[in-house]
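Quick one: this structure, given as C-alpha cells, is what I'll be asking you about.
Residue numbering begins at 1 within each chain, and the chains themselves are lettered A, B, C, D and E in the order written.
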Amino acid sequence: MSGATIRRRGGARRTWWGSWAWFSALGLAVLLPWIIFDWRHGRHDGFAVALLTQTAIMSVFALSYNMLSGQSGLLSFGHAVFLGLPAYVTIHVMNAIAAGHLWIPEELLPLVGGISGLLFAALFGYPTTRQRATAFAMITFGIGELVTAAATMFQGFFGGEGGVTADRALNTSLLGLSYEPAIEVYYLALAWTVIAVVLMRLLARTPLGRMAEACRDNHERVRFLGYDPHGIRFCQFALSGFFAGIAGALYAMTYEIVTYDAVGATLSGNALFMTFIGGVGVFWGPIVGAVLVVIMQSWVGLVSNAWQIYVGVLFIAMVMYAPGGLAGLIVLHGPVWQEGRIQALLLSYARVALPGLLAVLGFVALVELGSSVMLGEHEKGAVRLFGGALDPASPWLWGGGAALLLIGGSIARRQGRALAARWALIAEGTSAG
Amino acid sequence: EDSIRIGLTDPMSGAFAQTGQQNSQQAQYLLDSINSKGGALGRTFELVTYDNKLQPSEALIALQSMVDHNIPFVWSNAGSNVAAALIDGVEKHNARDPDHRVLYFTAGSTAPELTNEKCSFWFFRFVPTTEQFAEMLVRALPPEVKKVYLLNPDYLYGQAMQRDSTKFLAQYRPDVQAAGNELIPVGKVKDFSSYIAKIKASGAQALITGNFGPDLSLLIKAGTEAGLDVSYYTVWAGTGGTPTAIGPAGNSRVFALQAFNDNMADEQGDAALKDLVTRFRATHDYDFDAGSWRAMFELLQAAIQKAGSTDPAKVAQVLEGMTSRDMLGHEWAMRAEDHQVLMPYYVSVFTKDVKYDSEHTGLGWKVIKTYEGKDLALPTTCKMKRPAT
Amino acid sequence: MTPALALRDVHKSFGATRIIQGVSLEIRRGERHAIIGPNGAGKTTLFNLISGRLPVSSGVIALNGRPIQNRSPQKIRRLGLTRSFQIISFFHRLSVLDNLRCALLWPLGYRVAFWRLLDRERRLNQAAEEWLERLALTARRDVQAGALSYAEQRALEIGLTVAGGAEVVLLDEPTAGMDRGEADRTTALIREITQGKTLVMVEHDMNVVFGLADRISVLVYGHLIASGAPGDVRGDPAVQEAYLGAEAA
Amino acid sequence: MTLQLTRLHAYYGKSHVLHGINLDVGEGEIVALLGRNGVGRSTTCKAIMGLVAAKGSIAYRGHNLLGLRPDQIARLGIGYVPEDRQVFPTLTLRQNLELGLKRAGRFGRWRLEDIYALFPNLRSRQNVAAGQLSGGEQQMLAISRSLMGDPDLIVVDEPTEGLAPKLVEQVREMLCEIARRGAAILLIEQKLTIALQISHRVYVMGHGRVVFEGTPGEFAKDDSVRRQWLEV
Amino acid sequence: MELLLVSVLNGLLYGMLLFMLASGLTLIFSIMGVLNFAHASLYMLGAYFAYEISRRVGFWVALVIAPLLCGLLGALIETYGLRKAHRHGHVAELLFTFGLAFIVEKLVLMVWGPTAVPYRVPPELDFTLFSVYGTHVSAYRGFILLISAAMFAAIWLLLTRTRMGFVIQASLSHPDMVASLGHNVPRVFTTVFAGGAALAGLAGVIGGNYLVTEPAMAFSMGPIVFVVVVFGGLGSLAGCFIASLIMGFVQTFAVVLDISPADLLARLGVAVTPATPLAEVLRVPLPRIGPFLPFLLMVFMLLVRPRGLLGTRDT
C-alpha cells in the first residue's frame, strides 16, 4: 500500500512538471507564427510557417517511428513507406473530392491517411514483423528500396517523376476555412499533431504498449507469458503505420504534391535521425529531434552549403557526449533541478559554453572558408558569414579561425572535465537524497 | 530596391551538388557580364541560391523563403520532379497571394509534360524537352545505321525518351530497326557488361541513350572495354564529369546533344563570345556548358526592360512570343502557347580534333549538326489559363 | 483422474545426439514433483519440450489429458502450463511492477488491448500489488528489474512464472547460487505460492528437493531410472551411484 | 606471497562496495572466501581481474595490478572463473577452450586430454555451441577454460553452483589437483563443507569488509562467526 | 549459346567485383557486428588516394599505399571514435558512421571537387586478355578477379589461422571475459577494423578506375554491398562470397532473359491487356527490375531465413 502512495506522489509531481512543459510547448507552437510575423508587409513569414508545419508533421512521423525503434526495439530503415504511400492515397482522395466523386470534410483528411497507413503497414508488416533485429532492419530497408523503385517506375498511381498534385482548397471544410493560406494548414496540422501525440502517449501506457516494451527487452520470455511476440510486433507496427499515415496526409495537404521522395531513403533516414538524436528513452525525445533536424536541414541547409559537415559533427558529438539523445541529456538534469542544485552547475556550464562557443565559431569559419575556396565560390569575391563579407584569401581569417578553434577547444575541454567532476559530485548528492 | 533578384534553387549539397554548384557559378559568371553592361532598368541582377537537395518538399520551402524576401524570379534546373512541384506551388501561390506573385523558369527540367499538361502562365522553359531530344538524336543518325539499340533510365523521363525515340524512328527513319529496348534504374547497375553483351548480340550499330552521370560513363566504359562497335548517341555525355570518366576511349564514338560548347566560339569567330569562353576557362576547371544561358538572361533582361518593371505578370506577358538572337546568330523564340523556348541545339562528337578540350581529357566537343529552334517545334497540348488582368 | 501432466515415450535428439530417450512420466494434480539428475542429463531439455520451447522428436506430452507436444509456448501457456528459466530471463528495462503486470495481462484477458490504460485497470494493479507483497518486492516496485540484487531477481523470476495463475508450474533450478538462508526463504516462498498447484522442478540442492518434493524422479542421460517418494529414491543404490555420490552417505 | 590485497576499495559507479579488504594468498595455497549473498566476494574477484574501479593495492608477485588492463593481469598468470560462467555461446565448446590459451597451440600444465579425462562429458560435447550446453556443462567448461591459460593463481567464483552432488565431488578433487600442480587458488564457495575440506585458510566477509581470517580449524571452532556472518 | 557463355563469364566477373566491394564490410559488419555506414566512404577515399598517388608515382605504388592509408584511417576511427560508440549499442554506431560518411563526402567534395576525377586503368593492364565470340575481356577484369580471390584467401586465413575471429565473436557476448583470458580485445578490434578499412581502400583502388571516381560513388555503392553481406549471412565469409556470385549471376541473367509476368500468363492462356488490374506491373520485363532483384532476394531470404544464406547468428 505504501508503494502506491509513493507512486502517486511521484506520479503527480511528474505530471505537473510534464503538463506544464507540454502546455507551454503547445502555447509556443500556437503563438510562434504571430511572434515572427512580418510586420513590414503585414503577412505571415511564409518560411517560418513552412518550417513550423514541417516540424509538426515530422514530430508525428518521428514519434510513430519511435513506436517501433524505442518501444518495440525494431530498427526500421524504410519507415518513409508508411508516410509516402498514405500521402499518395490522400492526394488521390483530394483529387477525387475536388472532382466531386467523394465528400470528406477537409479536417478529417488526415484520418484517410491514417487508415491507409494502417492498411499498408498491416500488409507489409505481417510478414516483416515475423523477424526482428538485423533481419527486420534489412527487410524494411529492402522494402523501402523496392517501393521507391516502384514509385519511379509506375506512373498510374505514383504519377512518375512529377508526382501527383492536388489543390487543398476543397471547399469541404467543417469550419468554413478555405485552407488556402499556409497558416490555416499549419493550425490544422498542429491540431492533428496534438491529437496524434496524445494518442501515442496514451498508447504507450496500454497493455499493448507495455508488452511491446517487454518484447523489446526479452522477446522469448513473452511467449511463456501467453503472448505471441509476432502479434505484438505486428499490432505495434500497424498502429505506427497509422500515425505515420496521418503525417503523410498532412504532408500531402501541406505541399499539395507527392513525389517518390516521400517514400524514399532520405526521409526514412530522417525518421531515424530525429528519433535517436532526440532520444528514444523519453517519450517526447523524438519531438525535440524533429525540431532540431528540420532546423538543421532546412535552415542551415539554406544558409550554408557545408551543412553536411555540421550534421556529421553533430551526430558524432551526440554519440560521444549524449548517447541518450537530447532528451536524455535534459532528463538527466531533472533531479538536479528539482533539488535546486542547478545553480551550482550554471557557472561550470558557462565556463564550458563560452570557450565552446568560440571553438564552434572558429570551426564554422574554417569550414565555410574551406568550402568556399574549394568550390571556387570565391570568384564571387567574398564569403558571406556572420552577416559580413569575408575575403577567403586572407590568411588572417584562416589563422583566426584555427586559433579560435584550438584555444577555445582546449579551454572547453579542460573546463568540460571540471564540469564532469562537478556533475559526479552533485549527482552523488541527489541519488543519496 | 536596388538589385533585381533571381532565386536559384538547385541541389547544392549531396549527391547532385555538382549540378547546383556549377549552375550557380556559371549563372553568376553570365550575370556579371550582363550587369557590367548595365543590367535592366538601371538595376543589376543578383543571384540568390537556395539548396533543395533535389527534393520537391525542400524546393517548396525554398520557394516560401523567396516569397518572404519578395524575390520575383524563381529559377531551378535539376529535376523535373522539383520543377513540377514548383510549377504547382507557384501557380497556387500566385492565385492565393496575388500581391506577391512570382515568375518561375527553368533551364534544366526537360519533362515534356511541364509545358503540356502541367503548363502554366507563370512558368517558362528555356531548354528543349526530352521529346525534342529524342527527335534530335534520331535525326542525327547517319544513313548507314540500320539497327539501333535504345537504353534509358527507368523513370518518367527515360520512359518518355524511349517512347519518343521509337516514335521518331518510325517517322524519320522507317529503314532503321530498333534492335533492343532497355530501361535501367538510375545508379543501381555497377557492371554494364551484361547489357553490352546483349547489345552486341543484337547487332546494333548505334545506341541511343538518355542516361546521364555515372550510369552513362559506366555504360560507355564497359562498351569500349568489351570492344563493342557502336556509336553512342547521348543526350548528356557533355555534362560535367562524364567526359573525364569516358576518357580517350570514347574518341569519335560518343555523340552528345548540346546547347553550347567551348569550341563554338572559335568556329563562329565572335570576339565577345571568344573572350567570354577563354576567361571562363581560365578561372574554372570544367566546361562552360551553360553558355547558352546568356541568351536566356538576355531575353529576361529585354522583357523586364520592355515591361518597365519586375512585376511578374507584366514580365510574363512581354516574354510571351518574344524573340532574340544569341551570340552565334541563331534565333531564340519564347512560344506563347506553352512558354516553351524554341532555341538552337547541336549534336557534337567527342574527338581529339578540337581546339579546346573538355575537362583536360585531350578530347573535346565538335559540332557536327545544328538544329534551328523552328526545326524543333513540336505540337503542344497546353491549355494555358491566363490571369484575368 | 487424468494426471496434470503426462509424458509418454518422449524422445529428443539434436542431430545424431540423443538427449531424451524414451521418458514416460505422470504427474498428479496438486503434487510437488522434483526431477534430479546429473548435469547434462536432459532435465532442462525436458522442460523445454514440455513448455514448447523445443519440438519433440517423438512421443506424447499431455496436459490435463490434452496433447501439447510441438505446440507453441504461448499456446501451452494459455492451456495452463508455465515455466521459469535456469538463467534469469525477464524484462530488464521495465520496472518490477510492470514485469509482474506483463505476467498478469494475458491470464486476466487483456490480450493486445490498446484502448485501455494500464494504470486505470484496478483488477490488474491490485493483483500486481499483491504479488509484490508476496514476493517481498513492494519496496522495489518502481525499480528497473535489471537493477535488482541477485536474490531479488530470483524472486522476481519465480513471481513472473507463477503470477499468471497457471495450474502447472515448472521451475528450473530456482535456488541456484543462493546461500543457505536465501535458499530456505525461497523454498518457503515456493511452497506458499504453489499451494494447490502442480509443481515440477529441477534442482541440485538436496535440501530444497527433500524439503519440497512429494515425489522425485531421477533422470540420467535421457532415461528415467527411478521415480518415487523421497525416502525411496534416496535409498536407491542406482541413484546414489549415478547422482548423489558421497553426499548421500 | 603470491597475491596480496591491501586496503582494497571497489566501486560500481557511485556505489561503494568494498571497504578496505586485506587478504593474501600464498604460493600453492587454497584460500576460501566466504560470506552471504551480496557481501562483495565476486566484486573482490573482479577487482583482482581489473574489471571494476578500485583503490588501495593489489600486489601480485611484485606487480601492482591496479591500473593494469584485464588482459595484462591475465598474462601475469592469473586465471578467472566468473560466477555467471560467461561461456561464449556461439563458439563450440572446443573453441571456447582454445580461447583460454594465451597463445594458440601453446599448452601448459593442462592439455585438452587432462580436461576431458576429468570431465568425460565435455569430450562428447566438443563440437556443440557452448550456448546449447547444459548449465552444469557450462560450469565445467568455464573452469576448464581458465586452466588452459596455465595460471599460477586461479580465482574461482562459485565453481559448484548448479552442479549435481556427484560432480561437486569431482570439482573438489579437481581443485585439489590444481593446487597439487602448483597453482594457488582463491576460492569463493557457497558450500561450506567443501570450502572447509580443501582450503588451507579461510576468510569471511561481511558488509564489504573481512570479518574473520584463520584456518578451517579455527573457523570450525568459532561458532559466532558462522552464526553472525554466514547463516540467517 | 554465345550469349549464354558470355553471360556466364559476365556473371562470374560481376560477382567477383561485388565480392571485392563487400569483403571489407563482411569483416566489419558481419564479423565485428558493427553497422558501418562509413564503409563506402573508405572505399571512396581509397579511390581518391589511389588517384593522387598514381598520378604522381604510379598505380602499383598506389595499390599498396592507398589501402594502407585507409587502414591507418580505420585504426584511428576505431580507436578514437567507434570504440566509444560501440559501447552505446548499434544505433550509436550507426549514427557515428553516418556522421562520418557525411563528413567524408563533403571533404572529398571540397578537396577534389564535384566532378569525376580522371583516375584511369594503368596502361600495363589496359589490354584485352582474351575474347569470347568477339566480346573482349580486358586484363583489368582478370586483375579484379585475381584480387578478389586474393582478398577471399587473405580474410579466410586471417579468420581461420589466427584466433582473431573467435576473439571477436566471443567479445560480442562477453568482452570482459575475453580480456580476462588474456586477450587484448581493443587491439584485436582495431586491427580487424583497420583490416576492413584497408580492404575497402583496396576495393576503392581497384574499383575506382574500373568504375567512376566521383563524390557520389560512396552513396551509390553502399546499399548493394549491404545487401550482399546480409544475404550471405552475418558472420560468414563463405556466405558473402556465394552471395556475391549469386547476385552477380542473377543480375546478369536478368538482363538477358527478356520475359515478364504477362508473358508467363500468356503462356497459361491469360492475356494481359491494359485493362487488366495491375497491367502496368505485370508487363514489367525482367531486365527492367534486374538491379532490384538483389533487394527482392534479400527480403525473401530474410523472411524465411533470418540468418541469411550461411549465417552463424541471427542478429
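Everything below uses one rule, namely that a residue touches a chain if its C-beta (ideal position, glycine included) is under 8 Å from a C-beta of that chain, and two chains touch if they have at least 3 such contacts.
The shown structure was predicted, so the numbers you read here are calculated from the model rather than taken from an experiment.
> Find out how few touching-chain steps suffice to connect subunit A with subunit B.
The fewest touching-chain steps linking subunit A to subunit B number 1.
> In terms of CA centroid distance, which chain is the most far removed from subunit A?
Checked the centroid distances; the maximum from subunit A is D.
> Going by the touch criterion at the top, tell me which pair is linked by more C-beta contacts: D-E or B-E.
By the number of C-beta pairs in contact, the winner is B-E.
> Taking each chain's centre as the mean of its CA atoms, how far is subunit A from subunit C in angstrom?
Roughly 45 Å separates the two chain centres.
> Averaging over Cα atoms per chain, report the distance between subunit C and subunit D in Å.
Here the centre of subunit D sits 30 Å away from the centre of subunit C.
> Taking each chain's centre as the mean of its CA atoms, how far is subunit B from subunit C in angstrom?
Centre-to-centre distance between subunit B and subunit C: 74 Å.
> Where the centres are mean C-alpha positions, what is the separation of subunit B from subunit D, in Å?
76
> Could you tell me which residues belong to subunit E and also touch two or more other chains?
106, 109, 113-114, 288, 292
> Please set out, as single numbers or ranges, the residues of subunit C touching at least two other chains.
none
> Note the residues in subunit B that touch 2 or more other chains, in rising order.
Residue numbers touching two or more other chains: 13, 17, 21, 154, 185.
> Within the complex, which stretch of subunit C touches subunit D?
Residues 14, 17, 36-45, 86-87, 149-151, 173, 176-182, 184-185, 204, 206, 242-248 of subunit C touch subunit D in their complex.
> Note which residues of subunit E are touching subunit D in the complex, please.
Residues 162-163, 166-167, 169-170, 172-174, 176-185, 235, 312-313.
> Using the touch definition from the top, list the residues of subunit E that touch subunit B in their complex.
2-3, 6-7, 10-11, 13-14, 17-18, 21, 106, 109, 113-118, 120, 128, 131, 134-138, 140-141, 211-212, 214-217, 219-221, 224, 248, 251-253, 255-256, 287-288, 290-292
> Touching subunit E in the complex: which residues of subunit B?
13, 15-18, 21-22, 154, 182-185, 187-191, 193-198, 200-201, 213-214, 217-218, 221, 225-228, 240-242, 244-245, 247, 285-286, 359-361
> With touch defined as at the start, can you tell me which subunit A residues reach subunit C in the complex?
Those residues of subunit A that touch subunit C are 1-4, 6-7, 10, 202-203, 205-211, 213-214, 216-218, 220-228, 231-232, 235, 239.
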